[in-house]
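Reading through the structure tokens given below for one structure.
Letters A, B, C and D mark the chains as written, and numbering starts fresh at 1 in each.
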Amino acid sequence: TVIGPTVRDGVVVHAPITSVAELPARARDAQAPGRYRLSLDGDERLFAYAAAAQSWKPFLFPSRQPLLSVSPEGAVTAVEDEPPSYAFLGVRSCDLAAVAVHDRVLLDRDVVDAHYAGRRRSAFVVAITCSHPGGTCFCTSTGTGPHPTAGYDLAMTELLDDDGHRFVVRAGSDDGAEVLAQLTGRPSTGADTAAVDAVVAGSVAVMEPRAVDMDGVRELLRDNPEHPRWDDVASRCLSCTNCTLVCPTCFCVTVDDSTDLLGVTERSTVWDSCFTAGHSYLHGGAVHDTTKTRYRQWLTHKFSSWIDQFGTSGCVGCGRCVTWCPAGIDVLEELQALRQSPGGADAEVPS
Amino acid sequence: MPTSEALAPTALDAALLPRPFRVVATRDETADTATMWLEPSDGETLRFAAGQFTMIGVPGRGEVPISISGDPREPVLLQHTVRAVGDASGALARVAVGDVVLVRGPFGTGWDVQRAAGSDVLIVAGGIGLAPLRPALLDVLAERERYGRVALLVGTRMPDQLLFVDEVQEWRSRLDLEVLVTVDAAAPTWRGRVGLVTGLLPVADWDPAQAHAFVCGPEVMMRLTAEAVVHAGADPSRVRVSMERNMKCGVGLCGHCQLREHFVCTDGPVFDYDVLAPLMTVRGL
Amino acid sequence: MTHKSTGDRLLTVDTLARVEGEGSMRVEVRAGEVTDVQLAIYEPPRFFEALLRGRSYLEPPDITARICGICPVAYQMSACQALEAACGVSVPEDIRLLRRLLYCGEWIESHALHVYLLHAPDFLGYESAIGLAAVMPDVVARGLRLKKAGNTVMSVVGGRSIHPVNVKVGGFYRAPSRAELEVLRPQLEEALEDAVATVRLVSTFSFPDFEQPHEYVALRSAYDEYPLESGVLVSTGGRSFTAAEFEDNITEEHVARSNALHARLAGVDAYVVGPLARFALNRDRLGPASSAAADEAGLGAEERNPFRSIVVRAVETVYAVEEALRIVDGWQGAAAPAVAVPPRAGVGHGVTEAPRGVLYHRYELDDEGTVLDARIVPPTSQNQRSIEADLLRFVRDRLDLDDEQLTHDCEQAIRNYDPCISCATHFLDLTVDRS
Amino acid sequence: MGKPKLAVWKFASCDGCQLTLLNCEDDLLAVAGQVEIAYFPEATRGVVAGPYDVSLVEGSITTAEDAERIQRVREQSRLLVTIGACATSGGVQALRNFADVREFTSVVYARPDFIRTLDTSTPIAAHVPVDFELQGCPINKAQLLEVLTAAVQGRAPRIPDHSVCVECKAKGNVCVMVAHGTPCLGPVTHAGCGALCPSYDRGCYGCFGPKENPNAASLGRRLALIGVDELGLQRVFRTFHAAAPAFETESRSHDAQVDG
């Protein structure tokens, strides 16, 4: 199955597609904290949008994964399923980086997620250079974009200039090389390469105003758990979970047992979020019983303790948690506020 | 040490696949706590290190982390001591002989009491915390000669909440083990000590300069005890505590048990106090 | 203890079962004469008309749906019609058809519920459909299947079957695609067979001889269709009036024993709305399958025996299924899910055919669309006088029965009307006073 | 152990929540196989005397008689589960709590003196201890089955108390608030419906009531930013769960501007 970008309900989403006509030609998105608008009045480029509503996570790491069933007598049967075989078309470098993070979290451990492994192994990845970063993107700050450098079978850059509408494609794996060999096209020229570089430079420039220095963020968050900014952000945060569910690296799942009238229990892993009470529930109540502690857990884990755990940040700069936050909270702004008054001398007033 | 059998990666599915065990005996410890002995239906003995836990549950009634309270040298029957505080633990605490329970594990780090060889050993338990510490004490007693002075300090809320009453009585009668019990509150008929378990520290015979302490109980109790032990002069790296967090998988993949950078289920549950000290003082971390 | 004698008797049922909502019945017999029959609705009042005041004109479809969980679509349809009328907007044909489809779902569900779960046990001698299921599992399974088909139509079109979320003033929030409706087809085809089988089943029941004289009132559609979502009011007495003239013809009065209001048709004591009335006034508008089913069941031009309303309800179920199929087959998607309805000051009226009969809404709006006044007349309050009148005559002819049997028969007679007390505020409690 | 006895009680309500039980077409007979339907007037004439193992209570308390009757229900019930918005927060009829009931009565009834009613519509839990509250207007069928299954199996029901957004994202919906600027109560509303409204291109109107830890004030500010005026804010939080504390506080915070 080819999963690619397409327009649905006024948004670029990743969904199964069967023809080029379904790609989001002319789509241009305007993204801002808590706001996404799409217009279809751009030029004929097919990939000139920024991060799609979701990453590839729903395909590699579905929101519900059945594991096993248990009879009332306690007999256990594992669910056997054939992992679907996907080709992902148009994977941006932020999302490639996110897949690499998931590989680290879910595969490079003592215990691996076999369902993820199965889906991951069979996926064919076609990356795309990001030509139109959105208003919430910051991959240059996280060092994860905008140009794909690894983790793909094929990587394309879409060009539209006096030389026409074309793609510069390079292979990143043997599988990719095989496919590339079958394509009709001409070898790329120095001019093409220069055009690709220009696309990349343009994207970098677009993100420049939002660029933040990530140095020291790990220590900043680790060392300021009682910063007044946490209360401030808690007054705005809805603890609705959207940020964690659109984040391409968030991996929390709950193990959900549902038992029917006859006593048969189905066990699945289901997306969970550190913004729910159930996430940290201990008999008697939640450890993270307030929005403050939940938000602090999310931000600290993503930008700080993730580095301790996995040697990499949990953030790849895709900006989804900013765009899709119904309260319009911008993680960069929060980091900035924490940084501006370390120790929490004078917290900023909410915007 | 049987702790790190998982050198080659196991699949999450396998880690989440429970094994049926049959209840072969039970004993009520207190009004809300029971001990059970379980026999693996597949006949394969569940070997463990003192301090490790399993994910265990009655079919259809959820699954919770419970420390193994048995003797690591006698693993043929799996022993657990469970306090009923909710649905899943309530169902477990009420199992009867013949019932089937589902078990995964063992998971997590152990007490690793051997590192105290040559030194004094202080074992401090609050309430149900005695269950996870019992295997640690048995480890010490099995090779008693390797250790210096050994003290078991137990605090419970009320006299009738003391676990393993007969065994504690037995331990009391040993000359090579100091056993001190205190309760938070009691009727006038109680002839023992009243007060917090930290109050036993000055009473017990141990040398802060070289003792190793192993502490388990409610989080505040662990923090106050560890602080007091350290205050008395013990090195924080020689104090071990067993943390409790919500756990869904037991293998570090579900994300629930995180305590800042630690996955309590795999990095813990037993930690060196110097690692945890800064984390235990921040509310709601 | 049974007295069959003519003496004084008091029959009471404190909580009428297998009706929607809560009410009680009381029959008083003195010296062998039935002196009083009362259907009391003690369901607590919920003041919908009052709480609508000050709300936005966009809210009544969702708010009034909560008057009744059995026929929420009817409330949504009458409310939309009235509010669109107030704002001077009419909806295009595709939206009208989608509304009709949603309404068909509610008719199928509600009629199947009444026929199988509430009324059939009376005829077959069981206390409930669950008891019935033990001896006639296939019959109950068929009823549940049919009911589910109606619920599925509502879920697909409206999001859910109780208090659908997709209805709004001006149309729908999202219109289903052709593919989304096509999935309904197999279930509806099965439902058609089930509905026809239902007519065959219920027409074999034995019915007491009983004829009622009341005037029948129902809608008559401007299209060549059985009435559902629109039409003018007509009656067997030759009346014809529009929704806007409803209150000139029908007035409500408040009686002490009841939390519901009784409706009166000008010039007559009691009138009837619902399946019997619709059928009598629209038999020519049935579809091929329902028309054939009516013939096969031996229904004439009109049906005067309220006990046989179960047969008419079954025929209407056949109609609702075949109409749903017709709409699904013709569906090409909607040009737009809704039309804009800008607010304006004015009064609007809406009448549609709830499963139990004519449901009237009136709203008065100010120029910003704030509701200044609202009036709702549900079918059960219109039928209440007829129910009582029927009971009076019914009991008079059966004073020889013992209390238990008489009470049972009275309850069955009440259930003929499928009274929805949630609508009329709610339910019936039978007291027969023979003392 | 015999089959648990189930009773279904009705107070001021629309019947929709108990109809949900009859709408479990595929499971109705299975339920009837596991529990004894002992009192359920909407479905059966048969009445088995109490006590009952499980009572489902629909509707709110609006009359003095009902305030008395719920005590009797509680006495006869081992487990008392409220179903729906009416029973858990007073329902839409709790709008009277914000107005003058005498005026309400006279709007609807020609003879208000015939009507006896309380000034407020209150949830069941305001009168008797409740073992579990199932939210929703109406409740969700699958959740009702879970509650009944849990009762039969003697365990706690597993009903997540997080936001509608969780279901919305799991379903793959496009967020109507962010992408279309449609006001949506999903972030403060209890899950259970399967994010129905956003699936139909509509903002959630909160019919499942407040979630755990709702931040209605922040959502209110956000809705104001996308164009909802004070009256609109008062109305969205004052509809089907008007008297649920989190929503009531938020709606009342707009009273001054609306009235002033």
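The definition used in the following text is that a contact is a pair of C-beta atoms (placed from the backbone, for glycine too) under 8 Å apart; a residue touches a chain by one contact, two chains touch by 3 or more.
In this text, all values refer to a predicted model and were calculated from it rather than measured experimentally.
> Of the chains present, which has its C-alpha mean closest to the combined C-alpha mean?
Closest to the centre of all protein C-alpha atoms: chain D.
> So which chain is the furthest away from subunit C, centre to centre on CA atoms?
B
> Consider the two chain pairs A-D and C-D; indicate the one with the greater count of contacting C-beta pairs.
C-D
> Averaging only over C-alpha atoms, locate the centres of subunit A and subunit C and give their separation in whole Å.
52
> Averaging over Cα atoms per chain, report the distance between subunit C and subunit D in Å.
25
> Centroid from C-alpha atoms only, then distance subunit B to subunit C, rounded to Å. What do you get?
Centre separation, subunit B to subunit C: 65 Å.
> Report the inter-chain centroid distance for subunit A and subunit D in whole angstrom, where each centroid is the mean of the CA atoms.
36
> Which subunit B residues touch at least two other chains?
Expected reply: 60, 62, 86.
> Indicate the residues of subunit C shared as contacts by at least two other chains.
In subunit C, no residue touches two or more other chains.
> Where in subunit A do residues touch at least two different other chains?
Expected reply: 257, 259, 263, 278, 290.
> State which pairs of chains touch, listing all of them.
Touching chain pairs, listed by label, come out as A-B, A-D, B-D, C-D.
> Sort out for me which residues of subunit B touch subunit D in the complex.
Result: residues 60-62, 86-87, 91 of subunit B touch subunit D.
> What part of subunit B is in contact with subunit A in the complex they form?
It comes out as residues 6-7, 9-20, 59-60, 62-63, 85-86, 89, 100-102, 244-246, 248-249, 251-256, 258, 260-261, 263, 266, 282-285.
> Applying the document's contact rule, which stretches of subunit A touch subunit B when the two form their complex?
67-68, 70-76, 78, 105-107, 109-115, 117, 222, 225-226, 251-255, 257, 259, 263, 265, 267, 269, 272, 274, 278-284, 287-290, 292-293, 296-297, 300-301, 304-305, 308-309
> Of all residues in subunit D, which touch subunit B in the complex?
Residues 153, 155-156.
> Spell out the residues on subunit D that touch subunit C in their complex, using ranges where they run on.
Where subunit D meets subunit C, its residues are 10-20, 22-23, 25-26, 28-29, 32, 37, 41-46, 62-63, 66, 91-93, 95-96, 99, 101, 103-105, 107-111, 114-115, 117, 121, 137-138, 193, 196-197, 199-202, 205, 207, 232, 235, 239-240.
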